[in-house]
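Shared between the two complexes below is chain A, which pairs with chain B and chain C, respectively.
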Partner chain A sequence: MKQEVPIIIGLVFGLLVILGVFFPTLGSLGVWKKTIDDWFLLATAWAVGVGVINLTQIHAKRIRSKSKGYFHSIWLLICMYGLTVFGVFFAKTPSNSGWQFVYNQLLAPMSATVYSSIVFYIGSAAYRSFIAKSLDSTILLVSAVVVMLAAVPLGRFLLGAWINQASAWIMNVLNSSGMRGIQIGATLGAIATALRILVGIERSHVGGAAE
Partner chain B sequence: MKLSPGQASAFVFLVVYCGAVLILIYRAKRGMKLPEIYKIPGLDAIDEAVGRCTEMGTSVHFSPGIAGLDDAQTLAGLAILGYVARRCARYDTDIVCTIRTIIVYPLAEETVKQAFIQEGKADRFKPEMVRFISDDQFAYASGVTDIMYREKPGASVLIGGFWAESLLIAEVGSIVGAIQIAGTARLQQIPFFVAACDYALIGEEIYAASAYLTREPTTMGTLVAEDWGKMLAELVIIVGCILQSLGITLLKDLLSK
Partner chain C sequence: MNWEKLRNIDRRVLYVLIIVIIALALIKPIGFAIVPSQDTIKAYDYIESLPSGSVVYLGMEFSAGGIPELMPQIQSMIRQGFRKDLKFIAGGMWVMAGDMAEKAFSIVADEFPGKQYGVDWVNIGYKPGGEVVLEKMVSSLYETCVGVDYYGNDLNTLPLMAEVPTIKDVDLISVFCTGTPGEREYIRHVTSPYNVPIIAGLIAVNAPQAMPLVQAGQLITVLTGMKSGAEYEVLVGVPGLASAGMDAQSFTHALILVFIILGNLGYFLGGRKQ
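== the complex of A and B ==
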C-alpha cells in the first residue's frame, strides 16, 4: 500500500499534466494543469525546509565532533540562518537594497569565480584526452585542432580560409548528425522512462526493488 | 480547440509510442523472447567501482545531476542510485549522495534508505549519506568538489542532467583518483564526461541503465519499444529527405500539423 498509493497519485496527476500540455482549452484541463503546477511549487517550497534541516544536522554534527575544517560549517550555518533572518524580517522584498547588495556583490561574483575556473579544467581534461594513442583518439585530436584553429584569427592567418570551411563541415555535418542521433535516442528513452514511472514499473524512489 | 504547429503530430506519435511500450511490457510479462542488450561498459563498471571502494575503505559519491523532477534524466539517475546504494549496503560501503535540487532530496533519501532496508542493513543508513548542498548551481559544484577533496571517495557516479558544473566535478574526481562513471543526455556536457571520466554513458544509455542492471523482463520490454521508435524515426528521416528532395512537402506538412 505504501508503494501503490504514490504510484496511483503519480499516474493520475501525470496524465492530467500531459493532457493539459496538449489540450489546455479542453474542458478544465488547462486549469487543472495550472493548479498542479502551483501545488508542485508549494511542495518544492516545503522541501526547502527539509533541506535546511539536513544541512543543519550534517554541519552541527561536524561542529560537535570538531572534525577537520569545522569552522567552515560554523560559517555556513551563520550565513544560512543570518540571511534567512535578514530576508524575512528586514529586507522582506527582493528589491531591497541590502538584499540586492548580497546578491550582486557577494553571490554573483562568487558564482562567476567558480564558473571561470572551468577554463583551467578544460585545459587539463583536453591535455589528457588529446593523445593520439588509437585511431579514435587521433580522429578526435585532428578534429579538435582544426576546430580550435578555425576559432582563432591566427588559424586563418596561417592556413587560409579552408580551415574555417573544414571546421564548419566538421561542426555542421559530422557533429550535428551525431548529436541529433543521440538526441532522438535520448528523447525516446526519456519518454519510456517517464512511462515506466507513471505505470509503476520503475519504483525504486518509493521503496520498490531496484534490482 | 486550436493546437500549436506540430503539436497534433507530436501527440499522435506520443500515443502510438506509449501504446507500443505498454504492449511490449505486456508481452514481455507473458514471456516474449527478448533480444540481447549490447554491453555497456560503464554500467558493468558500477560493481567494480563499489568493490574498489570496499577494498579501499572509502565511500562512493553519487550525484543525480542538478535538474529537477520534471527532467527524466533525474529519474533515470535515481533509478541507478537505488542500484548503487544496494550494492554499497551489501558490501558495507558508505555512499555520499549530493543533491542540488531540493525537491529531489526526499526522493534520493528514500531511495538510499530503502536500499539499505532491502539489504537488511537499516542500521547502517545514516542521514548524512544524502546531502543537500545548495540550490545554486556553482555553490553546489563548490560543495561537491569540497567533499571530493576532503573525503576522497574511491568512486564517483554522476548520472543525470548536468550543465556547466559537469567538468568541474568530473575533473576534481579525476584529480583525487576516483574511478568515475558519468552519464547525461545533455549534448553539450557529453564531451566533458568522455574527456574526464573513466566510463561515459551517452544519451539513451542512462535510460536503459535500469533495464540493463536489473534484466527485469518488463523494463527490458521498454528497450525494445525504444528501438522500434528509433527505427520509425530513421524511416521518417529517410522518407522525409527523399520526398523533400523531390519537392513533395506531404510529410513536412503532416508533421507540422
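== the complex of A and C ==
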C-alpha cells in the first residue's frame, strides 16, 4: 500500500483538476478545482521547507564526514540560515535598508556575474563546434553567422539592412517551423508521461520502477 | 605553416580577448547607430495605442541574471507608459519578482515625481505556486496576494487594486522571463481563455522558441534581449544601459566570429582532420 495509496490520491485529484478545467460548471467540479489549487499553493510552501531540511541533512553529512570541499557546505548553511534569520527576525520587510544592502550589493551582482560567465563557454563552444564539415554543419554555420551579425548594430553597419531581413527570414521561417514541430512533439510526450503518472504506470516519484 | 594550430588555440586566449574587448568597448564606445526592429516597433506602437488610464500587468518572471537583458526593456516600457498615464501592476511567479519590480520602478522617483504608489503602480511581489498562481489571479488578485502587496500594505488601501479585481481585467500583460514559468503559462491560463493581449520580453537565447507563438497570434510580439532593450530606449528617447552595452556586444560577436573563421581555416587548410 506504500505505493498504491499515493498513486490513487494522485489519480483522483489529477482527474478532478483535469475535469474541472474542461467542465468548470458541471456540478461542483469548479469549486473542487479551486480548492485543490489552494491546497497546491500550500503544498508548494511546505515543499520549500522540505527542501531546506533536505539540504541541511545532505550538507551536514558532508561536514561530519569532512568530504572534499566540505567548507563549501559550511558556508552554504551559514548563508542559508543567516539570511533566513536576518530576514524573518530583523529585516521583516523588503524595504529594510539592511535587506536592500544584502540584495542589491551581494545577491543581485553575484547572480548576474554567474549568469554572465556563460559568454566564455559559449564563445569557446562556438569556436570548436561551428566547423563546416558537412552540408548540415555548413547550413548551421551560415545561419549562426547571419543571426549573430544581425543581433548587433555592427552587422547593419558593415553589411546593410539586408542582414536583418535575412536573420528575420531565418527566425520566422526556418526556426519557427522547426520549433513548432519540436514543441508539438514535446507536448505530446508530456501528455503521455502525465497520463502514465496519473494511472500509476510510471512510479519513480513514489519510489518504484515503471511497469 | 601549421594550420592545425588554428583549430587548437588555447581557450584562455579567447577568454582574455573577450574581457579586453568588452572593457574597451564600455570605456570607449563607438556608438553604432541602433535602428529599431519591427518587433520592438510593434510593442511600442501597441503601448502607444492604449488609452490613458489603461492598466498593464508586468510579469517579472526572472531573477538577477536577467537584469542586463530585460530591465532596459521594462524601464523603457514604464517610461512610455507613465508618459501616457498608463498604470502598472507588477508581480510574478519567480522568487525575485518583487525585487525586480522594485528595481524597475526605481526610476519613477526621479523621472515621474507626480506618480503615486497605489494609484499609478502597485508591486504585488512574488507569489509561490507556479502557474497555479495564475489560476488564482484569474479569480481574484486580492485572494492571490492574501490581501497585501510586496511591502505589506493592505490592498484595500490601494486605489489601483479596486480597478483591477482580477488579472482578466487588465488591458495588456507584458511578461518578462528567462525560463519557466514564463510566457507560455500566461498564454495557457490567461491570454487564450480570456483574450487578454500579451507582449513577451525574453532573453535572446529564448526568443527562437517564442516565434511560433507570435505567428499563431498568441503573442503580439517578442522583445529579444539587450538589443530590443536598446531599440526601445531609442524609441522612448532615453538611452540607458542597453544602448551603452550594444558596442560591447557588437565587438564580442565579432571576436567570436573571427575565432569561428580561424577554426574553419584550421580545419580546411590543416587537412580536414577530425
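The rule we apply is simple: the second predicted complex is superposed on the first by the 183 of 211 C-alpha atoms of A that agree within 3 Å, B and C clash if a C-alpha of one lies under 4 Å from a C-alpha of the other, contacts with A are read in each partner's own complex, and residues count from 1 in each chain.
Throughout what follows, contacts are C-beta pairs under 8 Å (C-beta built on N, C-alpha and C of every residue); 3 or more make two chains touch, one makes a residue touch a chain.
Please read these numbers as outputs of a predicted model, since none were measured by experiment.
*Asks:* Between chain B and chain C, whom does A:156 touch in the aligned arrangement: first, second, both, or neither?
*Replies:* A:156 contacts chain C only, not chain B.
*Asks:* After superposition on the shared chain, which partner residues are touched by A:34: those of chain B (first), chain C (second), both, or neither?
*Replies:* In the superposition, A:34 contacts chain C only.
*Asks:* Is A:197 contacted by the first partner chain B, the second partner chain C, both or neither?
*Replies:* A:197 sits against chain B, while chain C stays out of touch.
*Asks:* Looking at A:66 after the superposition, I want to know if it touches chain B, chain C, both of them or none. Which is it: first, second, both, neither?
*Replies:* So A:66 meets neither chain B nor chain C here.
*Asks:* Is A:132 contacted by the first partner chain B, the second partner chain C, both or neither?
*Replies:* In the superposition, A:132 touches chain C alone.
*Asks:* Pick one for A:2: touches chain B only (first), chain C only (second), both, or neither.
*Replies:* Neither: A:2 stays clear of chain B and chain C.
*Asks:* Between chain B and chain C, whom does A:107 touch in the aligned arrangement: first, second, both, or neither?
*Replies:* both
*Asks:* Return the residues of chain A at which the contacts from chain B and from chain C coincide.
*Replies:* Common to the two interfaces on chain A: residues 40, 44, 48, 107, 110-111, 114-115, 122, 124, 126, 128, 179, 183.
*Asks:* Residues of chain A touching chain C in their complex?
*Replies:* Interface residues on chain A, with respect to chain C: 34, 37-38, 40-41, 44-45, 48, 93-95, 103, 107-112, 114-116, 119-120, 122-124, 126-128, 130-133, 141, 144-145, 148-149, 151-157, 161, 164, 168, 171-172, 175-176, 179-180, 183.
*Asks:* Provide the residue numbers of chain A that touch chain B in the complex, in ascending order.
*Replies:* 18, 22-23, 25-26, 40, 43-44, 47-48, 50-51, 54-55, 57-58, 61, 68-69, 107, 110-111, 114-115, 117-118, 121-122, 124-126, 128-129, 179, 182-186, 188-197, 199, 201-202, 204-211
*Asks:* Over in the complex, which chain C residues touch chain A? Could you list them?
*Replies:* Per the stated touch rule, the residues are 9, 11, 14-15, 18, 32-35, 37-38, 63-68, 98-99, 102-103, 125, 128-130, 132-133, 135-136, 139, 150-152, 204, 207-209, 211-212, 215, 224-225, 227, 246-247, 249-257, 259-260, 262-264, 267-268, 272.
*Asks:* Give every residue of chain B touching chain A within the complex, in rising order.
*Replies:* 1-3, 7, 10-11, 14, 17-18, 21-22, 25, 72-73, 75-76, 78-79, 81-83, 85-86, 99, 102-103, 105-107, 110-111, 114-115, 117-118, 127-128, 130-132, 135-139, 141-142, 150, 164, 167-168, 170-172, 174, 185, 187, 190, 192, 194-196, 202-204, 206-208, 210, 213-214, 218-219, 222-223, 225-226, 229-230, 233
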